[in-house]
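All chains are identified by letter, namely A, B, C, D and E, in their written order; residue positions are counted from 1 within each chain.
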Amino acid sequence: MSLLEVRNVSRSFQGLKAVDDVSFDVKEGSILGIIGPNGAGKTTLFNLVAGAITPQAGTVTLDGRDITGFAPHKVAQAGMVRTFQLMKPFGSVSVLENVAVAAMAAGTSRHDASKAAAQIVERVGLGRWRDLQSSGLPTAGLKRLELARALAVRPRVLLLDEVLAGLTPTERAPVMELLEALRAEDGVTLVFVEHIMAAVMRLSDSVLVLDQGRVLMSGSPQEVTSDPRVIEAYLGQEPTDVAT
Amino acid sequence: MLRLESVCAGYHGLQILHEVDLEVNEGEIVALVGANGAGKTTTLRAASGVISPTSGQITFQGEPAGGLRTAGLVARGLVHVPEERALFGPLTIEENLRMGAWTQRKTPMSGALAEVFELFPVLADRRRQTAETLSGGQQQMLCIGRALMARPKLLMLDEPSTGLSPKLTWTVLEAIGMIRDRGVAVLLVEQNAGQALRLADRAYVMESGSVVLGGTGAELADDDRVRAAYLGL
Amino acid sequence: MNTVTDQSPDQSPDPSTAPATEPAPLPRPIWGRHLLVLAVIAVVLVPLPLLLPPNTQAVAVRVLIFALMAVGWNIMSGFGGMFSFGHAAYFGLGAYVSVWLLVNHGVSPWIGLLVGMLVAAAFATLIGFLALRYRLKGAYFALSTFAFAEMLRLLAINSDFVNRAVGYNVPLRPEFSLAFMQFAPGSPAYFWIALGLTVAAIAVSILFLRSRTGRFLVAVRDDEDAAAAVGVPVMRTKLVTMALSAAVTSVAGTFYAQYYFFIDPDVAFGSSVSIQAILPAVIGGVATIWGPAIGALVLGPLNDVTATLLRNPPAALSFLEGRAGLDVIVYALLLILIVLLLPQGIYGALRDRWRRR
Amino acid sequence: MTEQIPSATAPTVAEGEGHTSSPRLWARVPWTRVAIGVGFFVVAIALAYLRAGNGDVVRQAVLTGILIGGVYGLVAMGLTLIFGVLDIVNFAHGAFLAVALYITVTMVSRLGVNPLVALFVAVPVMFLLGAGVQRFVLAGAMGKPLENQLLITLGLALLIDNVLLMSFGPNPQSVKLPGDTGVQIFGAVATVSRLLAFGVAIVLAALLYVLLQRTRLGTAIRAVAANEAGAQLVGIDTRRIYMATFAIGTACAGAAGVLVAPLVTIEPTTGELFNIIAFVVVVLGGMGNVIGALVGGLIIGLTEQLGALYFPGQSPLLSVFVVFVLVLFLRPQGLFGKAS
Amino acid sequence: MRKTWIAGLALALPLALAACGGSTPPGTAGAGGATKAAGEAIKIGSLHPLSGSSAADGQQMDNAAKLAVEAINAAGGIKSMGGAKLELLSADSQGKPEVGQSEAQRLIQEGAVSIVGTYQSAVSQNVAAVAERNKVPFVIDVSSADAILAQGYKYSFRLQPSGTVLAEDGAQNLFDVSKAAGKPAKKIAILHEQGPFGTAIKDTFSKKAQSLGMTIGPVASYDAASVSDFTTQMAAVKASGSDVLMVAGYYRDGVLVANAVKTVKPGVNAVWGVANGAFDVPTFPGEVGAAGEGFFDSNYHLDGTNPDTQALMKTYQAKYKDQIRTAAVLSYDAVRVIADSLERSGSADPTKVRDAIAQTNLKSLIASKGPITFGPTGENEGAAPILMQVQSGKVVQTFPKEFAQTAPRYPATPAS
């Protein structure tokens, strides 16, 4: 059985279908990449799965438990945590405190939370910034902070919304390694939205392509990138534009 | 007409642009491509006076422009269309367009209005509708139309295809070509690098806050380094 | 239209919403040191009433009542970012509950103080739930708190249960007693009790900030969505905060009634009470531990100072004598100036200066 | 496009970002809502009739409610403009109105003119005063936290009230409109001055509407309210628009002051009477919506009068606040704001 | 950070100035009050709302208290104390109880041997408690709430008739006058402000009126601070067929009542104010014009038939270019009471002054049924309301006979 099952979720805003009848499964310990052009409904899908928005139709099941319509903090407590594409730090406090709060929200005691937070901050490479006011971090730092905060909850499923965007190629490598380590060592299941094809190709076990709120196709990274529909909708108008 | 020389800029003491040099000449489309976070938007913001450069020189039509207030630059013909569009949602299409001509107090606006409607006929049909009721593509057209109302000499477009379907993206890019044909220079930041490069007369590739490559659109479109910088391959 | 989600990340945050300060190392929270400082200040202040000229003692007590109200307000509206314009409701409940118990049932105000805290906390939870359930924010949230406070005032005016608009006198006791919080006029005991309550309130706010819920609260204030996304129970955090804030402010109400011996609906629930809870915090520094107390220290005497000064002016200013309203004008001008020039408040400005060093 | 909507609107809609969530300066007439509203009041009036058991009283209550409501709307119009565009909760609005009251008193007593003539002085004077206050006091508080703005405007109110107290003394004064007699309307009576205030409220609402809808300045005001960044991009000097808006709002308070002068006893604190009610009306009508302010004023006027019939023992204000809280909860964007 | 400094300076300046100018050196005066050396002025505190919404009355009252001190000093001061002069310490309650309380405390600490005040009942409640606790006499000039003296305080005295007396006499006067006119009042509609004053008057008046055989018609209350129109209430009065409208309220709302009466024409025989803050005020007929013609007010009032009062009215008019109101005459009387007590006690010890005040027997400048004498609770036993009526655009005393400048005109259907 899949750890996360999303069945036929839909949501429209003012008559506009942002997410239209989308379904997918994620097996425990696997990595699902979601791609699609801007405006395809990826973030809305995340919002629906993570409880920020209630779906108008469909269900979300986590480890056999129906969590459709759960409030976001209940979803997090159930073991599924999301990050934000537009970074949302707790701006007035330090990096460490950002992470410690998340750890406490997951039930860790205050004392242990600080220790756990310090470890995670090191692990995502924010060590030298840990005492900075988080609102002052550069984009790359904020992206990592999003990740660190999510990790502090010790999630079973991690929903990552463009964690690599805004990072330079040299900055990306350690983050990708971290993601792989999370899966391999911690057994975390990952769902991530990403534009950077290299990362999608390298990390994903399977890829879901969204376009205009609907599932365009899904399959292995290779299947997806060679599909003419995907190339047309996402990678560019003419296949010759893209090397893959 | 627009020239950036060794421009450094950033936010809150955080430097994002490192010695950026670029140039836009009369009547050409210049594309600015690069990965997310490369500093493209910041470059536009510096050029349009939204932020002030910390060092370096920005000149527009031979006169210094760095750090000028936006209103002054608009009056001189440098108009910025931001990615977030910043339309006046509760105002009608026509009102949005009329506001675009705010600095053109002296010239009658019927001509400009007609030109915009000619370029984007769909806007003419909906002139009494409020901007927030438009679809994403129409909003993008309105945003470009509003910028044209200021009778710009140089239009700076930030990711005009954001959120648009490929088909619409093409419509918008076509319109940009038509705008250039009317004698307006265009500085274009675009994610659809392939299309942008083919449309552009010249292009620059940015990476980590610096311009790393420059050349004609066609040259760069075939350059492996562009693929590396933009697509991360 | 206004917010773009698929924003390219090189789009830095809009300058207007970005923080004013550059990334600076934040000092680690030093709760222990705050508590220590508090204890030292408390001890230093204990002999104050014995040193002060008698006519300034009333001012000192007023400063403490101001501080107590503002410390309460600051918990919810400063640290919690939920702007309340109706703290008169909690102040008034504290005053009315304790006095009602005292007058009608002879219950000691100390017990009344506790019951008042409970009632105020319960009321805050109720209106907090309603306001949050309907997602009121900013000015709308503020106006709803205002409306609830006004409704309490109007209900009190027209309810026989609480003596209508007549209000209550606290009965004077033949002999003074600690159990009934009544002492000889000018007794330093009033100051000491007010000091004790204020110190306790500041200590509570320090301990609260240090607690799990307090740290959740700051996260929720900074970004509610992000807090919820990592599992912070947003609603519960806010409600606990509001209840605590209300309870602290209600203590001020109870003490006020015992110190001034009289309450009526306007005194207890009037909108000027809500303003008095806000003023010291804003003047001293919103969302700071010491701000409300510092603000109260400035504001408490300010009114008296302008009043005395302009009503019995020194020779050089004698032409001002007898111009009713002038003292208030000076007071208002100073208020505007302080808020304009020190938008972070006195403590906030000092702290920023100190940090920049 | 599709992907923009969710995170912008979803859980934090209510108003969150203040005026960036595009206040409606004018919504196209929502006929169904108007019909529901009218239906509601028909029922309310029928109930009032049953409760009072006398048609004259109910008729008088309705007429008085409407006329008072017009005055409330008049006072609230300037406030809603300021609230909607500058996002400032202006507690000094009542004090500005009091300034206009004293301008009227002074002109009538010194020059012996008809009080309405004071309009020609009060409106421009208040316009300039508003511009000055915005430029030199409030501009520094733009974008500051709500509590800072609140205290500054409260300080202003205190300042103005007491300057009036010092200059004009505390004695209550009054102004008479020549030929101010009672007029019979459907079995109820109203004074000419009240009818006049009501009429001018409607005219003023219409003028403001035309200003906002049909003029270049008005469009710019709405544009700044809708999207400040966008306004800057097209070259609008937003600081001047803010100043002009505040000045217009204050000028409205000036006009309201002149018209209200014959209806009230003029004391330095008279303006405060209207402050709270005006805020209720602004929220009810939807921030920044001048027509909404007029309708909101009528609703509050009627609520107050009919509420006094329902609950004779309670203060009419109580029913006003009950209605206010209900509207806040159920339609936080105001009765005439657009649903989000 | 120039701004910080400016603000700092703005803060420091008044504080520093206050340090030099405002505070009293410790030891000059204590709550216990040592006997004053001859030649040193005896201080009397005057605590009134000098700013805020009641500033008009408050300032008049303070002025009158000053006039009284001047008059007494000019007449040779306190003779039993070697011609000691009086000094008036003025304080502003701002109409706020807590300000009144701390100002009272301050006045006492600055050496006031007695306090005169305060106009608002809520403030007086507070000040009475302060006075009691400090054992300094408090002479209430104006404040009607019964509760103030119901606490068993020993140090508070009240010159104006209490709410109970005002309301009962108001009903009695109505009964007498209407009966004498041959049109006994039958059904009384009541309009009262919802504060303690209006509510208490309404309750007592209704009881008394019913005991005199009248019935009570519709009763409506209102918030004096925010009410802006009475036409609906007036329509209800008209519809009820009441023959008298009793009104207990303040000035601003009283004017609104007159306007509403004029507009709606409720058809009553009389608009009957009880301790009304408007109907007997000299400026009232001028403000409302014909609308107020014939209005009654049963209220405590300065005695226009008393030559001393007339002299005071002239002096006040000359000095302050304003017509003195009854409230201010009461303040004047209050200072006289204190001076008289000082004279009799020959001591500035507040306790002794208190005992002397309790023994007061002084002719009042206010119309009353006897001289000022204080009963066991501190109420002025001589105090009684008289009946005023607006006749031909002037407030005149009409009843009882000994104070009548002219006879009451009843019925006086207003706006007819």
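Here is the rule we use: a contact is a pair of C-beta atoms (placed from the backbone, for glycine too) under 8 Å apart; a residue touches a chain by one contact, two chains touch by 3 or more.
What you see is a predicted model, and the numbers here were worked out from it, not measured in a lab.
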Exercise. Where each step is a move between two chains that touch, what is the least number of such steps from chain A to chain E?
Worked result: 2
Problem set entry | Relative to chain B, chain with the most remote C-alpha centre | E
Seminar exercise, completed: Expressed in whole Å, how far the mean CA point of chain A lies from that of chain D is 48
For this session: Let me have the rounded angstrom distance from the C-alpha centre of chain B over to the C-alpha centre of chain D, please.
Result: 42
Seminar exercise, completed: Chain centres from averaged Cα atoms put chain C and chain D apart, in whole Å, by 30
Problem set entry | Sites on chain D at which at least two other chains make contact | 1-4, 6-7, 11, 22, 162, 165, 170, 227, 229, 268, 276, 313, 315, 317
Problem set entry | Sites on chain B at which at least two other chains make contact | 12, 14, 36-37, 84-85, 87, 89, 132, 136, 139, 162-164, 191
Problem set entry | Shared interface positions of chain C, touching two or more other chains | 1-10, 12, 18-19, 22-23, 154, 157-158, 225, 324-325, 328
For this session: Within their complex, state which residues of chain E touch chain D.
Result: 51-53, 55-56, 58-59, 194, 218-223, 225-229, 231-236, 238-239, 251-252, 255-256, 259, 262-265, 283, 287, 289, 322
Seminar exercise, completed: chain C partner, complex, touching residues on chain D are 3-4, 6-8, 11-18, 20-22, 83, 87, 89, 137, 140-141, 143-148, 150-152, 154-156, 158-159, 161-163, 165-166, 170, 227, 229, 268, 276, 279-280, 283, 313-315, 317-318, 321-322, 324-325, 328-330, 332
Seminar exercise, completed: Given the complex, residues on chain D that touch chain E span 52, 54, 56-57, 59-61, 63-65, 67-68, 71, 162, 165, 169-172, 174, 176, 182, 188-191, 194, 263-265, 267-269, 273, 276-277, 305, 308-309, 312-313, 315-317
Problem set entry | chain D contact footprint on chain B (complex, rising order) | 48, 50, 70-71, 74-75, 79-82, 84-91, 95-96, 98-100, 102-103, 132, 135-137, 139, 146-147, 149-150, 163-164
Seminar exercise, completed: Touching chain D in the complex, chain C uses residues 1-6, 14, 16, 77, 83, 85, 130, 133-140, 142-144, 147-148, 150-151, 154-155, 157-158, 224-225, 271, 275, 278-279, 281-282, 286, 323-326, 328-329, 331-333, 335-336, 339-340, 343
